[in-house]
Structure formats: structure tokens, C-alpha cells
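Per-chain residue numbering starts at 1, and chain names A, B, C and D are given in the order in which the chains are listed.
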Amino acid sequence: PAYQAEFDAKIDAGGYIEAKDWMPESYRKTLVRQISQHAHSEIVGMLPEGNWITRAPTLKRKAILLAKVQDEGGHGLYLYAAAETLGVSRDELLDALHSGRAKYSSIFNYPTLTWADIGVVGWLVDGAAIMNQIPLCKCSYGPYARAMVRICKEESFHQRQGYDLLLTMMKGTEEQRDMVQDAVNRWWWPSIMMFGPHDKDSTHSAQSSRWGIKRISNDDLRQKFVDATVEQAKVLGVTMPDPELKWNEARGHYDFGAIDWDEFWNVVDGHGQGNVDRLAARVKAWDDGAWVREAALEYARKHDARDSRAA
Amino acid sequence: PAYQAEFDAKIDAGGYIEAKDWMPESYRKTLVRQISQHAHSEIVGMLPEGNWITRAPTLKRKAILLAKVQDEGGHGLYLYAAAETLGVSRDELLDALHSGRAKYSSIFNYPTLTWADIGVVGWLVDGAAIMNQIPLCKCSYGPYARAMVRICKEESFHQRQGYDLLLTMMKGTEEQRDMVQDAVNRWWWPSIMMFGPHDKDSTHSAQSSRWGIKRISNDDLRQKFVDATVEQAKVLGVTMPDPELKWNEARGHYDFGAIDWDEFWNVVDGHGQGNVDRLAARVKAWDDGAWVREAALEYARKHDARDSRAA
Amino acid sequence: MTQQMTSPEHIEYVLRLGDNALILGQRLSEWCGHAPVLEEDMALANMSLDLIGQARMLLTHAGRLEGRGRDEDQLAFLRTEPNYRNLTLCELPNQDFGRTMVRNFLYSSFQKLLWERLMTSSDAELAAIAAKSIKEARYHAQHSGDWVIRLGDGTADSHARAQGALDYLWPYTAEFFATTPVDDAVAAAGVGPVWSELETAWEALVMPVLAEATLTVPARTPFRSYGKFGRHSEHMGHLLAEMQIMQRTYPGAQW
Amino acid sequence: MTQQMTSPEHIEYVLRLGDNALILGQRLSEWCGHAPVLEEDMALANMSLDLIGQARMLLTHAGRLEGRGRDEDQLAFLRTEPNYRNLTLCELPNQDFGRTMVRNFLYSSFQKLLWERLMTSSDAELAAIAAKSIKEARYHAQHSGDWVIRLGDGTADSHARAQGALDYLWPYTAEFFATTPVDDAVAAAGVGPVWSELETAWEALVMPVLAEATLTVPARTPFRSYGKFGRHSEHMGHLLAEMQIMQRTYPGAQW
């Protein structure tokens, strides 16, 4: 209880909780769930973009995409490291992913069908991710907050690159413009679903908000994203697949149509073959790599043994 | 000895030995080696052509190539069946192939690098094969002779299709004609090596000739092939990569340059990564299919058991 | 050439039939030389050949209906991905022999029903193609159905693989029966059936075989695939890259 | 731009360097998301990125030397197979992590020697590229060499896999040192070394690591591969079909 009071005071003062500090078990659990889910999303998220690396249309774009996917691997690393400060190992977390117990952002279950998807994923998906993540840079858990600062910086770079890719395509042939519009049509609704259920249907928000893990509500973030993105769409010359999308002078915001939550929950619940394929790809990589990890361990064991004999 | 005399008489009279007939052990062994080597060549030979099925430039050509490769599988089947009449099982023969004990025609270790290779393989490789095989249609072992009749008929159909493919390409663009010439450059020498060593260096010929398993000498068949093929090359408009190739009025045949037998023996002895890749592909197919073969056996076993219980 | 009955829906319907045959034929052709036994190498090549043959007739017919001078090869090799109308099921990777056979069974059972109905199409050319193709579909369904039973009721390993294949593929069969205005228009013109009407008959064909194979049919989920509407899986682009490369590299050349 | 020293051999020599980087970079990029541990996902992406970066500089330079207005992308994506001059080793499929690492080690050890020599090239642009690339090659050789040792001297299984990888790849390394008139001409102009001269130094680099990895170096066989002469393996066509498809499908488009 004394610990609890100290913890609460630190939270209320806007201070950071560090790994060595006492924290309530539910705080720890919530953070592990949230950070690992985010880490898993980064590494699963390498797959839809990785799908186009070998077919990138120019060497410059191939290099940009490679660097981006590499950054995502890096984000996964920071985040697993942040989760490890809370007393779980990366292997345990990966096991939860591979066995289907842990979740990752269901946005990555959607397929990347054309090169324009690479641009749209950068623009909309990374854009929505940043909107979600910026508040986390000031979240109450220090290691997570510091990881998010670095991640947000890189993500906004990725978003600009995605947008630049689309600008180039929109200046190209009619076929290229159609490709961009088609990709926007497929990714728009999934992107705005990335902010999660409406506030009234959201379970974790109150407690998380108290802890400074979730500082802004789903609906507020979503509105912010829509407002920013619709303006960018105008510059780009694409239209969002939502006839109800229009500026509301009174609210000072864009109104938009009703979200198809059945679709959202279907994808979250894994009733998508995308989920099956993504998970199978991760599990296969892990299983195929088992002999490599074992070899590295065995080599280290042998050489530690030799070294200590020599000593 | 009485059996031997009867066997010799039948051979001398140009009659057929059948599976149930007595035959010398060395005759049986020679035939098993020759027939199984031929069977293996057919199924390994599916690989270099199979390499282009998914990339065939038109649907018509894709269908022709599929049918051809299917025919080769069929030849493999007839030949394994002919070998089985001599008391070896297909599984034993395949085991000898997979373990590297049995040989197959080393021509199939060469890669198919462009679509023109598909035509040239039909024209030159099947052409040389037919030249080798026609005498076998009258060989002394009945089941083998009958298999060869059917095979030769189909092979000459394939050869015409290959030639037709090349004629079409030669009527096309300069790029297409270059592709054909390049393929001819790569396949010409390997094709004429298909007739084996010069008669003076050939080990099996005398006995095989006595048995009617090998009726015409390597060098005679090779000459016949060169004479026929050079004329076809003229019609096609390609040149063979042999500056010494020219009509010899006195001999009534084409003279040609010296064969690089080092190259021949390197490829026969498997000092080619082609050999490694082809064999690996066959072994992988066999190993990957083990569970299917086991399932079929187990299903048959269970249902035979059920049927006999029911009876 | 039956110009009076041609409509965009009619063309799309024929293209869809042709693309199914083309794309599954392409997939099956990848097996060439890699099957578990020689007899299956030949059977798979043979089924691929049947499907490529169907694709040739159907795409040629679609090109004529369209009237823009596109032949079978231009349609087969020079469209972009969203213009292919095949079922997603057809483009999925072969994976192992089990998945290949379960797919062939699910698909060719459906095709059998389709060709039966198309034999009386008001489009005489399509009816003729159906009359030829139905025999092939019957053989494909028989051959793959026999394997589904052997694998499902074989060893523990083969049962697990066959069940895994069915679990993986089953959700994609919902697409067979997804309603579309194209079907309604085509049915109204007597060209062919609305595919959703075939669901009951299809289940009556496949369920007994799956039962004999001791396989458990998965429950339907809300998952839907959209290949026949032109929205494909990630696998399609890789398949097309390989299939199209010659025509893309040498535009206009004769082969 | 050093026009006075440009010869067809010079262009081909630079193209060969560029194609090595391009094709191995393409292969390594296939690993993305599929490596044994996350750190290796990043390392492989990083090495691929280094190689694509080298390819961009080298192909741009080759295009300028050629003077026909071809940029890096036209050279990377719009040549036909025999015009690619990479070593066959670079185009072989990745297969498992072991084969990938053994290849990287054999190749980057060679590349390290090459860049060292090219830092003093009479072609100033090439010398500048070499100065940048040598750091990358050093890292690649270090990273892959560490893995070769760990895998070779790890478990029985990893030893067998590493040995199998070495047995498979070793024959292709003879191509590094195959003599060609191109090298002679280029060496005479001071542009770069004759590759065959590097054999002893290369063996001095790789042998100790292979020995520490407890691997047996196969005997040289008469087998020769000819990728750098434009005659590739069957694997190359499939790699190119995938790599080129966008440029082949949308000629002239900007991306």
C-alpha cells in the first residue's frame, strides 16, 4: 500500500515508472500485453511489405522499402526489449504469438496487392499508427516511452516516403492513378478501424488512461486522423471510399460514415485467411530457424566450456 | 547349356526373347541396366523441360509442352514396366537412381536457359534419342522392343514439334533468331555426344550387338544424325558451332570437328552442378511424396482387411 | 457469333470460367516432375493440360464476344491482376500433394455441376465447350476424390495433412456461391446458372466423400474471398509475374 | 566522365560488379521477415540494402560509361538474361540460412579483396565506389564468417548443413577466378585487377575460417559455371521474371 501510494503519486505527477520500481501487477500485465502486441505487429507487419521488395519497380524504391522493413524489425527489437524489462522473455512472447494466444494489429492481415499498396500502407497505416503512438511517447512507463520516441520519429519518415511514392504515381499514367485509387479504396476503412472500437464500446480505456498508457480516446484519435488525412488526399487527388465524408463546419471536423464493425471483429478474431497465412509464415520462419538458434547456443556452450577449461 | 543353345538360336533367327523365357544372367543384367538407365533418363528429362512450362509464351505452346512432358512420364512408365519383367521392382530401380548408383543420360544435366532451348531440346536431343532408339525397336527382348516402338513414335512427334517451334521463332524478330542460334550453340555438341564414345573406345558394343540390343555402332549413328540434322539446320537458318563441319563428297557424309571428350566425361561423371540439382529435385520429390505413398498403402491394407472380414 | 446475346456480364462470365481453368492449370503444371509417384506426375500434367485446353477455348470465345480483337494469349498473358476473374481458390499455392488434391476435389466437383448446366446454355459455343469439359471435370473429381479418401482415411499423418488442407481451403469455397449481378444478368439471358444456386448440389457431391475420408468439415466463418470480383490474394501477383514474363518481355512476338 | 578510358571491356567490368551486387542483393531481400531470429532479419535486410546501394552506383556508372542514356533502372530491369554478368553464385537460391551465410562469406571475402584493389582504380568514380563499398564488404564477411564458424562448429545437424552448403557452393567459386580478356584489357588500363590474381589471397582469407568452422574444403572438380560470361543457371530466369515484372508490365512509367 505504501508502494501503491508512491506509484500513484509518481503517475499523478506525470513522472516515469522504471523497470526497477514497484508497480501493480495489473499495470505490469497491461503493459506487457500492449507492448508485446505492438512488437508482434511490427514483425508481422514486415510480411505484407516484404511481399513487394523483390518486385519493387526501381532500385531506389527497393532500397527505401528494404530500409523501411528493416526499421520495422528494429522497432520490434526495441519493443521486445522494453517488454523484457517487465520480466518476460522474448521467447515467451514469441511463443504466445506463434500459438495464437497473443494478438497483433489485424491491419497486417490485409494483403498488399499492387505496388500502390506500399505507398498507401506508408501513408494511411503508418499515419494511423503514428497518431496512436505519439501520445505513448509520454506514457508512464519509461522504457516504453523512450522506445516510442524513437519509433515515432522513424514512422513519420516512413509516412512521408509512402506519400511521396503515391505523389509520383499520381503524376504518372492513368493506370498508375487507378492503382493508387484502388489501393486507397481497400485500405481506407481498415485504417480508420485501427483506432479500435468507439469509446463507448472500449473496455480498457479508463484504467489505461489513469495510468497514462492511453492518453487520448479512440474516437478523438480517429477524428484527428480523418481530419488530417482527408486534406492530404485532396493534394494527392484521390477520394476516400465514403460518400458520407464531408466537412462539418459546426463541429470543425470531417463527418464520416458508419464503420462496419462486423468486418473489424471478423478480422480481429482471425476469421480471415490473412491471419492464417501471416501466422503460418512467422511460425515457418521460426521453425525453419530452430537449427540455427540451437547451433548458436551449442557453439557458445562449447566455447564457454573451452574457455573455462583454459582458464 | 540346352537353354543357352535355344536362346542363341532364337537370337540368331531374329526372334524375340520373352519374360518367361530362359536367358543368360549377363543378358538380363545388361538389359536391366540399359532399360532402367533409359527409364531414369525419361523422368529426369522431365525436369529441364518442366522448367519452362510455367513460363511458356503462349497457351498453345504451354499445352504442347505439357503433353510432351507427360509423354516422357509415360515412356518412363513403359520402360520401368519392361525392366520389371526382368525381375527388378521400380522401387529398387528408383532407389539406385536416388542414391546415385544408377546413371541417366547426362544430356539432361544441361540447363534450359531460354524458351528456344525447348525447341532445340525437341529438335536435337529428341532427334539424337530417336536415332539411338530406332534400332532398339527390333531388339531381341520383346517387352523392350515393344516399348520402344511406342516411344519412337511419340519421340518423332516431339521432334517435329520442337522443329516447328524453332521455325516460328526464326520467322520472328532478330532477338528471337539470336535466341535460337544461342540455344543451338549450347546444345549441338552435347547432342552429338549423346551417341557415346567412339566405337574404338566403347566397351559394351560387341556383346550387345550379338544380342541385338545394340544393332548399329555409336559412330555410325552419330554420322547419320549429323547428316540429317545439318540439312535441317540449313532450312532453319542456323549454323552449328563447328567450323570443321562440311560436306565430304568422297565419303558422302558431313565431316565434323573433334569432340571434347573431357567435357563429356565430366558431365557423365557428375562433375556438373546440373547433376547435383537434377538428382536433388528427384530425391526431394520422392521424399516429399513418402507420406502419400504410405497413406495409399495403409488405406489399401485397411480396406483389404475390412473386405476380408466382411467376406 | 451470337452477337445478339453479348453483354458485358456475358463476357465477364465466360472470362471467369476461362480464368479459373487458366490459373488452376498453371498451378497444376508446377507439379511437373515433382509428384509423389510417376503416375501422379502424369495425372497432374494431364489435368493441367485439360484445364489449359478449356482456358484456350473459353478465352478465345470471350475475346470474340468482346469484339476488340484480343485472342487467347492476349487475354491470358496481358491483363493486369484485377482483370483476372478466377476464384481465389485456384490461385493458392499448391503446397503439398494433399492440399493440391483437396483443392482439385472441391473445385472439380463444382465445375462438374457448372458444366452440366452450361451444356444447355443459350450461348451455343459455351454449350459446346461445356459438353467437352464435363468429361474432364468428371475425371478430375473422381481422381482427386479417390485421393481425398485415401489420404483422409490413410495414416495418422496423411489424415492430419488432409484435414489441414480442408481447413485451409474450405473458407475459400464460400466464394463459389457469392452472389453477383453478373450471374443474374447471365442467367436471365439463359447463358448460364447463377452460381449460388449450385451450393446445395455441390455440398451433396462433396460431403459424402469428405465423410468417407473421415474428414471434419469446418464450420462456415464470415471470411470471404473476392477473386472472381477481381480482388485476389497476395499469391496471384507472383503467379502472374512468372506466367506473363515472356509476353511482357517480347510484346507482339509470335511463338 | 573519364571518357578517354572507356572501352567495352571497361563497361562490362563495371556491369559485372554491379550485377553481382544487384542479384545477390535481390536474393538476400527474399529473406525479409523469414530469418531465424529478428536480429538476422535486420542483418540480412541491411546487407541486401548495402548491395542494392552498390548496384545503384555501379549501374549508374556503367550507364554513363556506355553513353547510351541507360540509367540504373533500365540496366537493372530491362536487360535480357545473357546480358547480366553476375557470378552464378550470386543467383543461386538462398535455400536455408546456412547456405545463405556460406555464400555470403565466400562472396564477400572475394569482394573485400576486389574493393581493396579497386580503391586505386584509374577510374576515379569506381575508386570512390570501392572506398565506400569496402566497409560494407568487411562487415558482410565478418558477419557471415562468424555464422559459418558457429554453424560449422555448432551441433551435428548444423555442421552437416554447413558442410552441405559448402560442398554445394564451392564449385561455383571457380568462376570468380576464370580468366577472361575483359579482365586483361581492364587491368592494362589500370581500371581494376584481373580476378584470377586474387585466388591466392582469397584462399588465405577463407581457409582459416572454414578450418575454424571444422569444415572440409571440397577438392576442385572440372565443373565450371559461366554467369560472368552471360551464361547463367536455370535459377536466373525465375529470379529475373519476378524482379523485372513491374518494368516489363509498365514500360516507361515513373515510380
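We adopt the following convention: a residue touches a chain if its C-beta (ideal position, glycine included) is under 8 Å from a C-beta of that chain, and two chains touch if they have at least 3 such contacts.
Protein names from UniProt, one per chain: C, D = Phenylacetate-CoA oxygenase subunit PaaC.
Nothing here was measured: the structure is a model prediction, and the numbers come from that model.
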item: Rounded Å distance, chain C centre to chain D centre (Cα mean); value: 42
item: Intercentroid distance (Cα basis), chain B paired with chain A, Å; value: 57
item: Centroid spacing, where centroids are CA-atom means, of chain B and chain D in whole angstrom; value: 37
item: Where chain B touches two or more other chains, by residue; value: 55, 175
item: Shared-contact residues (touching 2 or more other chains) in chain D; value: 80, 241-242, 245
item: Topology of the chain contact graph, where touching chains are joined (line, ring, star, complete, other); value: other
item: Inter-chain touch pairs (all); value: A-C, A-D, B-C, B-D, C-D
item: Touching residues (chain side chain C, partner chain D) in the complex; value: 80, 238, 240-242, 244-245, 248-249
item: Interface residues, chain B side, partner chain D - complex; value: 48, 51, 55, 111-114, 175, 182, 186, 262, 266, 271-273, 276-277
item: Residue numbers on chain D that touch chain B, as the complex places them; value: 80-82, 168, 171-172, 221-223, 225, 231-234, 236-237, 241
item: Of chain A, residues touching chain D in the complex; value: 43, 46-47, 50, 53-63, 66-67, 69-70, 73-74, 76-77, 80, 115, 165, 168-169, 171-173, 175-176, 281-282, 284-286, 288-296, 298-299, 302
item: List of chain C residues in touch with chain B within their complex; value: 22, 26, 29-30, 32-42, 45-46, 48-49, 52-53, 55-56, 59, 72-73, 76-77, 96-98, 149-151, 153-155, 157-158, 161, 242-243, 245-247, 250, 253-255
